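Each of the next two complexes has chain A plus one more chain, namely chain B in the first and chain C in the second.
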Partner chain A sequence: MAEDQKKKLCRFWIWALSSVAFRLILISFPGNLNLSSRPEVSTPLTSIRRLAEGYWLKQASMSPYAGSMYHGSPLLLSILGPLTVQRIKGQPSHLLCSLVFVIADILSAMLLRGIGQKLQMAYGLNARLLGFLKSSRDKVILPCGDIAALVYLWNPFTIVSCVGLSTSPIENLAVILALCGAVTRRVPLAAFGLVIATHLSLYPATLTIPIIFLLGYGLDAPPIKLFLQTRSVEKEETSTSTVSKQAKLKQTTHLPFLWKTVAHFLFWVLLWSLYVLVLSALSLNKHGGLEEMFKRTYGFILSIEDLSPNIGVFWYFFAEVFDFFRNFFLIVFHVNILFMLLPLAIRLKHRPCFLAFIYLAISSILKSYPSVGDSALYLSLWALFVNELIDMKFSFFLFCGYLGISLLSPVMHNLWIWRGTGNANFYFGNAIGYACFQIVFVVESVSAMLNHDRALKRSNSNHREVKS
Partner chain B sequence: MAAVKRENEEEVKTDDGSPKIKPRPIVRLGIFLIAHSPIFSVVFSAAGVLALLLLPLLAKNTYISENALMPGSARSMLSNQDVSDGSKLVKDIKNFRLNHEGQGVEVQKLIGTYMSEMGAEVSYQKFHPEGNQFHPLHFFSGPDSYTLLENVSCASYGVNVAGIIRAPRGDGKESIVLVTPYDFINGGDYESLSLGIVSSLFSLLSRVTWLSKDIIWLVADSRYGDYRPVAAWLTEYHSPSFKVSDLLKCNELNTADNFRRAGTVAAALVLKVDGRSDRFEDTLSIYAEASNGQMPNLDLINVVNYLAVHRQGFYVKVEKVVSLLSSSWLKFFGEIFEAVGKLGHTLNPDWNFGIPAADYLEGSATLASSLYSQALGIPTGPHGAFRDYQVDAITLKVSPRFPPDSKTRQHEFFLRGARLLEGTIRSVNNLLEKFHQSFFLYLLTSPSKFISVGVYMIAFALLVAPLPMVAASLYIDGCKALTNSTHNPAENFKSWKWLDAAKQVFALHLLGFIVTLLPYFICQLPGQHSPRNRSIMWGTTSSSLLLITFVTIPGCSPFSSRLHRNNWAVLKSVTIAAAFIGLCLMSIINFATAEIGALLLVPTCLMAQPIKPALRSRSIKSLLGALCSLVLVTIGFPVMFFAISKGLLGEGLVGLSLGGEFWTWLESLWAWKSATYLYIGMIHLPCWLLCLCILFHPS
Partner chain C sequence: MASLLRSLIVLLIVQSFLVAIAFGSNEVEEFSEALLLKPLPDRKVLAHFHFENRAPPSNSHGRHHHLFPKAISQLVQKFRVKEMELSFTQGRWNHEHWGGFDPLSSMNAKPVGVELWAVFDVPQSQVDTSWKNLTHALSGLFCASINFLESSTSYAAPTWGFGPNSDKLRYGSLPREAVCTENLTPWLKLLPCRDKDGISALMNRPSVYRGFYHSQRLHLSTVESGQEGLGSGIVLEQTLTVVLQPETTSVESNMHPSWSLSSLFGRKVVGRCVLAKSSNVYLQLEGLLGHELKNVDKEIEAHELWKNAEFELSLKPERVLRESSSFLFIFDIDKSSDSEPFDLGLTWKLPSKWSCQQAPLHASRFLMGSGNERGAIAILLKATESQEKLSGRDLTNGHCTIKANIFQIFPWYIKVYYHSLQIFVDQQQTTDSEVLKKINVSPSTDKVSSGMMEMMLELPCEVKSVAISIEYDKGFLHIDEYPPDANQGFDIPSALISFPNHHASLDFQEELSKSPLLSSFKEKSLVRSYTEVLLVPLTTPDFSMPYNVITITCTIFALYFGSLLNVLRRRIGEEERFLKSQGKKTGGLKQLLSRITAKIRGRPIEEQSSSESPAAQSSVLSSKLIFKIILVAGAAAAWQYFSTDK
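Moving on to the complex of A and B:
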């Protein structure tokens, strides 16, 4: 058994290292691939060319946001900016940035692996508590951490956004950092990840809910009712006193919510945000300060000023919409995400990590400037739940759909922009198809998870009948 | 198809006791289709082929879509004086070439003098006849990947002459290009006639007042082929290189800082005169196919066709496959369609869908040629270079009905040719925007009949429709079989059984990708190799790579015993899904390639079945099926198909010794950056290999 495990570990490292090698090979010829100018890879928010421009403006002691070129965080500018201008002779430009992104990818994968190991342990523990592992000993628990890490490292979307010099690997790293902090109960780390992720791209702010659940209730587990049922069966066998049983049941019908940890977390969030704001204010001190930053980053995200094509569905709509309806539809489109937060939180509160995955997937569909980097993130988070989602329907269909759409996208873009024989509808049709597949994916994942819970319940009651 | 598959899987999953809800009608339709997929796939494929044969019937008459064009509404202003100017130029060139032998640029200078006498700005451009080189990654980059060669010799270079007439009413932001390819060293008498026509026109245009777009007359030096000089000129026009070329020092002719531009090009016409017409009238052939099956806007062809037929009395034709005209089976179809059309007409006089069998034959021969040249992806003339810059362009090849030395006829010929061009230019001159009104995606069945994308896509859609259906039904079958065969319930990953098959499919597609790139490395090898040797090298490396794949990836090989029983159904399902995605992608990039590829690949993929059980069962039906799939797989091999199609076209199989000819053909494909090459390497070949794997599957 141990030898087998060792072998598996060895295989994991081989694959992980080969993915890094693959990235390095791709980085060494960037001119030919020209990925950084693809609309699927780099959006106005994540493009490194815009970042370099912003850095140049800043060096010329102008506001980095002048001319509506750069829309990212001023902190990222201070970190990545110097790397964009440094060149090693004989090497392609932006080599250092690419290396930073590769490192970010590796870190993300390792953190994902950590999260996965925790989740796997929790899954095993819950299964044992519910008495499944005893009944069918040969049921294998898949090493979901390794799988998720490899899915992240070998996902073509991740590779493309890493090699294509978009800053999404760093945004993804921040998100995964937040989740990892919450899973391992390192409250300051979780708060730091959340604050940075929100600072970089706004949408991860929705993750506050799952992280609070994670810290308050603990890791993903089957619904609490199941444990109660199991326990009651055992009680029936052991004790005959009904009074004491009822008393105990009352005591544990709901899980304890750890208010103290959550308060601790909120405190840290406050602290980190203050810290980030102060740093940003210092860095933008001569160029309009924080107000300018909020207007040019969050304002830019929310008001969808840049209507250049991307794989989302907003650009086309807002290019067509009449000006006097614009504000109304802006509100409608953004509220779309907010509407889904609460129902999902209620339904999936026993599985906070899964909830985080769903939130990320939804925001990647309804984002104003989505890129394939966002899909890469939620796809690898999805792989964390392979044990639960093993019965997911339409996996093959979805796989073919994602593959077809991602191959079709450059073709449609070429037809529209370069050949001139197509038009914007071609590319937008592709974007709609992509959104549809993502929606099917999310819906199927959620229903597979709920089915998994139902199946647990059913087999649990069967189990009880057998016993009694 | 998506809904179909989903719902069917849902049906499969409802056997675990949950209450069964009556599915919606569309779901039931989907389940019905999948349950009877063998019948429906035969019906759909047959309908697809039939629809392809019906296309000449469904062709519509062309019409001018853009109102601003107004062809033929103005009277021609061309006078005899202009024509005699043109004749004089032709005569001068002829005399000059009789008196002067040599390589110089005197003829270009002569033409340049003429141009500037007419009031045009003249510029000369030197270019290097750089051969087309294969670089695998340039497939994915834009048109401006032309690199200036560092050390060019002065031994071989060409000189283009371009004259620009500035429009009195324009702002210099738009232009129309006229191209006359002319071989300055050994151009024939007919070739110089094109110079005469355009110079007559140029003489007129230099004094008209209605011009609002600048006119550029490019005399392309065609001694290294027609395409190259035009491409070089366009590159210089659109994306000039700022490095000083060595070519500039080559000759006394100084071309530095001399290049002139005139705004975006609205349209371009390439005029060629060749050979004597074998008909009573002068013949005008229109060539429109650019690289990768791209076509210019249909309006441009319409304008030329309208003016040529209704104003100047040319006999207009587009290319056709002549051998098809005498094919008996096509004639048979034509007669059937004619009979059906007549029958329809008697039933209801409003039904006029029938066309005579002779028209059908003509239409199909033209359609076949149109499909062939689009599928090849190689431009049919210098106009192809313009399409890379989104400029609509066509080549007009005029064949006069008189011998080149007849003076009186020549005058009339010039008059008509120049009037045709004048009318076209006047129409394009009226344009307010670039061509966008009419079709870009169409096939021609005659100069005045076309099939639009909405019609020809039906044939393709019907042809590939069986693929997702069969994939879904096989997937369900395969999953069921696997569930039954594995007794261990714990290993029963219901939804993920396709992963193993997907691995195999992916590995073979990766192999296809590598095989596609191999010629680049083979071309890099030092030393001269004949095409034959190169193709042998390619073949051996590819097959050894295939063997390595089979050995190293255990799931991949058709001969390994590790596979589950009945696994081939899932493998076939994934293969078919891959073929479907590939064909659909290709249909958007280049429809004609996808159509021809689908005709080959769809039956092969659908028929592929392991032979072993068929041999074991010894029933005639299964043996016949196995034989069919064997034959299809044999034909489906690209080299084999190439040989067969060569044989069908009447060329012997002798020249095909060991694939030398095949190599040359492929070389021409990648030299022109044809997507067909990528299709063969990255979609057709892997799918063919997978079919082979299924065929020899040990089940």
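Moving on to the complex of A and C:
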């Protein structure tokens, strides 16, 4: 048994290291790959060229946001900016940046593995508590942490966005850091990750809800009702008095919510965001300060000023829509992300990690400037739930869809932009297809998770019937 | 006859008296006209019309003008214009053959389309407003779309890269403006004789617009009087430069074609504009005669030069002036009359060859890269042959250097990466600080302002070529922002390359103030050359698609919202059970109703079991439902009431 485990572990490390080696090989000749200018990889927010331009402007004592080029965080500029100009002789120009992104990817994978191990333990524990999946079926629990880490490391999307010099590996790292902190109950770490992720790309702000659930209720578990039922079955065996049973039920219909931890978390969020704001203000104090930063980063994200093509659907919509309706549709599209937060939170509050995954997937569909780096993040988070989502429908269809889109997208882009034989509709059609596949993916994941809970309930009641 | 003369004299005296009263000073408004003709080495002929109108400083109450166009003086007074230049150009100035180092080319070689710059005499905060108003006024005055320069995306505020150093300078250009006779007519209206009399009568529209290059320019500057109570005087300089191809009849291919005014313009000068103080015709011949006539005495030249072995003029010049490499024949058109019109002609007898003096570096600009996503702009400066001969070299630290300023405007849809600026000197990449002495960049903001780049290069004199490249991304515009012919592409205005250490001047060493044309040649003017206008094709969206795109995108949103909400809401087992128990007991209509109510509530009732009858349940539900409906209707009515009230 132990030997088997060791072998598995060994295999994991081999795969992980080989993925790192693969990345290192790829970054040693990025000039030929030319990935950094692909619209799928680098958006106006994550492109390293724009970051280099921002850094150049800052060095020339201008605001880095002058000229509608750079729209990222001023902190990222201070960290990555010097690396864009430093060159090692005989090496490709952005080697140092690439190394940073590779390290970010490795860290993300390791953190994902940590999250996965926690989730796996919780899954096993819950299964045992509910009284099924006894020892004989223990083996079925897949090591979801290892799987997620490998999915993250070997996902072509991740590799492409790491080698293609977009800053999304760093954004992903911040998101995973927040989740990891929440899963391991390190409150300051969770708050730090959340604040940084929000600072970098705004959308992870939605993760506040799952992180609060994680800290308040604990890790993903089957619905509380099931526990109550099992407990009541056990109780029934011992005592037949109905009065006491009802009293018990009333006492425990709600899980204890750890208000203290959540308050602690909110306090840390406040602290970290103050810290980040002060740092940003210091780095921008000569160039318009925080107001300029919010206008040029969050304002740019929300008002969708850049209409260059990407894999989302907004660019073409706002290039075509009548100016009169522009504000209306901006509100409608952004509110669409917010609308689903509450229903999902109510329905999936017992599975906060899964909720985080769904939120990330939704925001990567409805983002103003999506890139494949966002998809890479939610796909690897999805791999954390392989045990629960094993019965997911359409998985082969979705796999083929993702594959087809990622092959067709460069072709359509080439036809339109480079050859001029196609028009914008070719590429937009592709973007629509991608959005559809992502929507089906999200919907099927939610449905599979709910079905899994149902199945648990059914098996539990069967179990009870057998018992009684 | 005598009485006529006497009355004329009296009239003149009265007139001058009136003028003196009107302006409260001894200075009077002056107008002068001149035409410079110059054969070019590539068998073309350059004709440069020059009109100068001076309004002396006057007190602010006297706004009446004798000769000076009222429209222009009102413009100057209203918008407080200190200096302004407007040019309409069609065709490209050929720097190689037509010269690049003389005052004529440095002042009259203009970029294609409309170029306007102005310096204002207003507080810094009002400069933009003044500029906007000025563009509108000029647009109306010259029947051109100069008002497009109003938007902040099309003009810039150069600091030092453009000639005059001022922080109240605004510069804009419209490369695509078509220039034609509707722009020339209002321009001619500013002349006291229009095109009815004098030299301007030569401007026969078909022959002017048949040329290879024509540029009409209007330059005005205010002259401070220095006296209290007096306003500022205005100098209005109007020039029209045309390059024409004379019709050649000679069989020999290396002979320069002979021409006359009537063959070039199809018209003759029948007399001077009576309002002009001076009206002269000049003929400038460059370089060619130097070697033959070096030893000839000056006195002999003047008399003999106009008829020699090489060429022959049809009229005898008044005077001949000589500069280092060129001769200037001066003709007075006073003597011409209806019976004896002035028709200057030049007949070549021998094939001859000469070359023009050129700017130290020849500038050209081109685009690199393919596709509609990104590209690079390259400016190439090539050393010209005449570089060795030039004076004006700057010997700093023992090195001979040429200074070159590059001024370039980028429209916002050309998103330039300034960090990608590369400079190659003699095909060797150099680090920026070696040759780049100064750079000033103001990046463009999307849909708000255009970008501007000013560079000062200091190059070694023996440089052969300098290439500057800068990368850009092409922007994607909203469909409304594309012009009607979107697929033609967008123009990037010309870059201006000027050489601050080189000044062009022609000094004919005579009569300092007599002829405004010659005195303007004598002033040192900055050597500058404009590059080509670049045409950048931008990707277009499908212009016929807005409705399709809106509907399809909204369908996707509906798919997302609907299917996700459906999955969240669904409770398979319970729903079925509920429907089954309902179906047993109630009729079709009630079942439907309860189904709807269940849907609306989103959560079917779980325990149907014993206490309540389903009928009672549904009635309770329907009362709730009715209450909800009433609530919604009330809200709607209130909304309607309040919205119509306003």
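Convention: the second predicted complex is superposed on the first by the 459 of 468 C-alpha atoms of A that agree within 3 Å, B and C clash if a C-alpha of one lies under 4 Å from a C-alpha of the other, contacts with A are read in each partner's own complex, and residues count from 1 in each chain.
Keep in mind that, in the parts below, a contact is a pair of C-beta atoms (placed from the backbone, for glycine too) under 8 Å apart; a residue touches a chain by one contact, two chains touch by 3 or more.
Note that the coordinates shown come from a computational prediction; the quantities given were computed from them, not determined experimentally.
Asks: In the superposed arrangement, does A:421 touch chain B (first), chain C (second), both or neither?
Replies: The answer is first: A:421 touches chain B but not chain C.
Asks: Of the two partner chains, chain B (first) and chain C (second), which one does A:401 touch, if any: first, second, both, or neither?
Replies: first
Asks: Output check: A:53 vs chain B and chain C. Expected answer is one of first, second, both, neither. What do you get?
Replies: After superposition on chain A, A:53 lies in contact with chain C alone.
Asks: Give one of first, second, both or neither to describe whether A:34 is in contact with chain B, with chain C, with both, or with none.
Replies: first
Asks: Who does A:412 touch here: chain B (first), chain C (second), both, or neither?
Replies: Only chain B is touched by A:412; chain C is not.
Asks: If you tally the residues of chain A touched by each partner, is the higher count for chain B or for chain C?
Replies: After superposition, C is the partner touching more of chain A.
Asks: Return first, second, both or neither, reflecting whether A:393 touches chain B, chain C, both chains, or no partner chain.
Replies: first
Asks: Considering only the touch criterion stated at the top, classify A:447 as touching first (chain B), second (chain C), both, or neither.
Replies: In the superposition, A:447 contacts chain C only.
Asks: Is A:217 contacted by the first partner chain B, the second partner chain C, both or neither?
Replies: neither
Asks: Output check: A:343 vs chain B and chain C. Expected answer is one of first, second, both, neither. What do you get?
Replies: Second partner only.
Asks: Same chain A residues contacting chain B and chain C, which ones?
Replies: 418, 420
Asks: What residues on chain A touch chain B, complex-wise?
Replies: These residues of chain A touch chain B: 29, 32-34, 136, 138-140, 390-397, 399-401, 403-404, 407-408, 411-412, 415, 418-421.
Asks: Hey, which residues of chain A end up touching chain C in the complex?
Replies: Answer in residue numbers: 37, 49, 52-53, 55-57, 60, 62, 66-69, 305-309, 313, 315-323, 332-333, 336, 339-340, 343-344, 347, 365-366, 416-418, 420, 423-425, 428, 432, 435-436, 439-440, 442-443, 446-447, 450, 454.
Asks: Give the list of chain B residues in touch with chain A in this complex.
Replies: My answer: residues 2, 5-6, 9-10, 13, 137-138, 140-143, 294, 387, 390, 440-441, 475, 488-491, 493-496, 498, 502, 573-574, 577, 581, 584-585, 588-589.
Asks: Please give the residue numbers of chain C that touch chain A in the complex, ascending.
Replies: Touch residues, chain C against chain A: 370-374, 412, 415, 417-419, 439, 441-447, 451, 473, 475-480, 539-542, 545-546, 549-550, 552-553, 556-557, 559-561, 563-565, 567-568, 570, 572-573.
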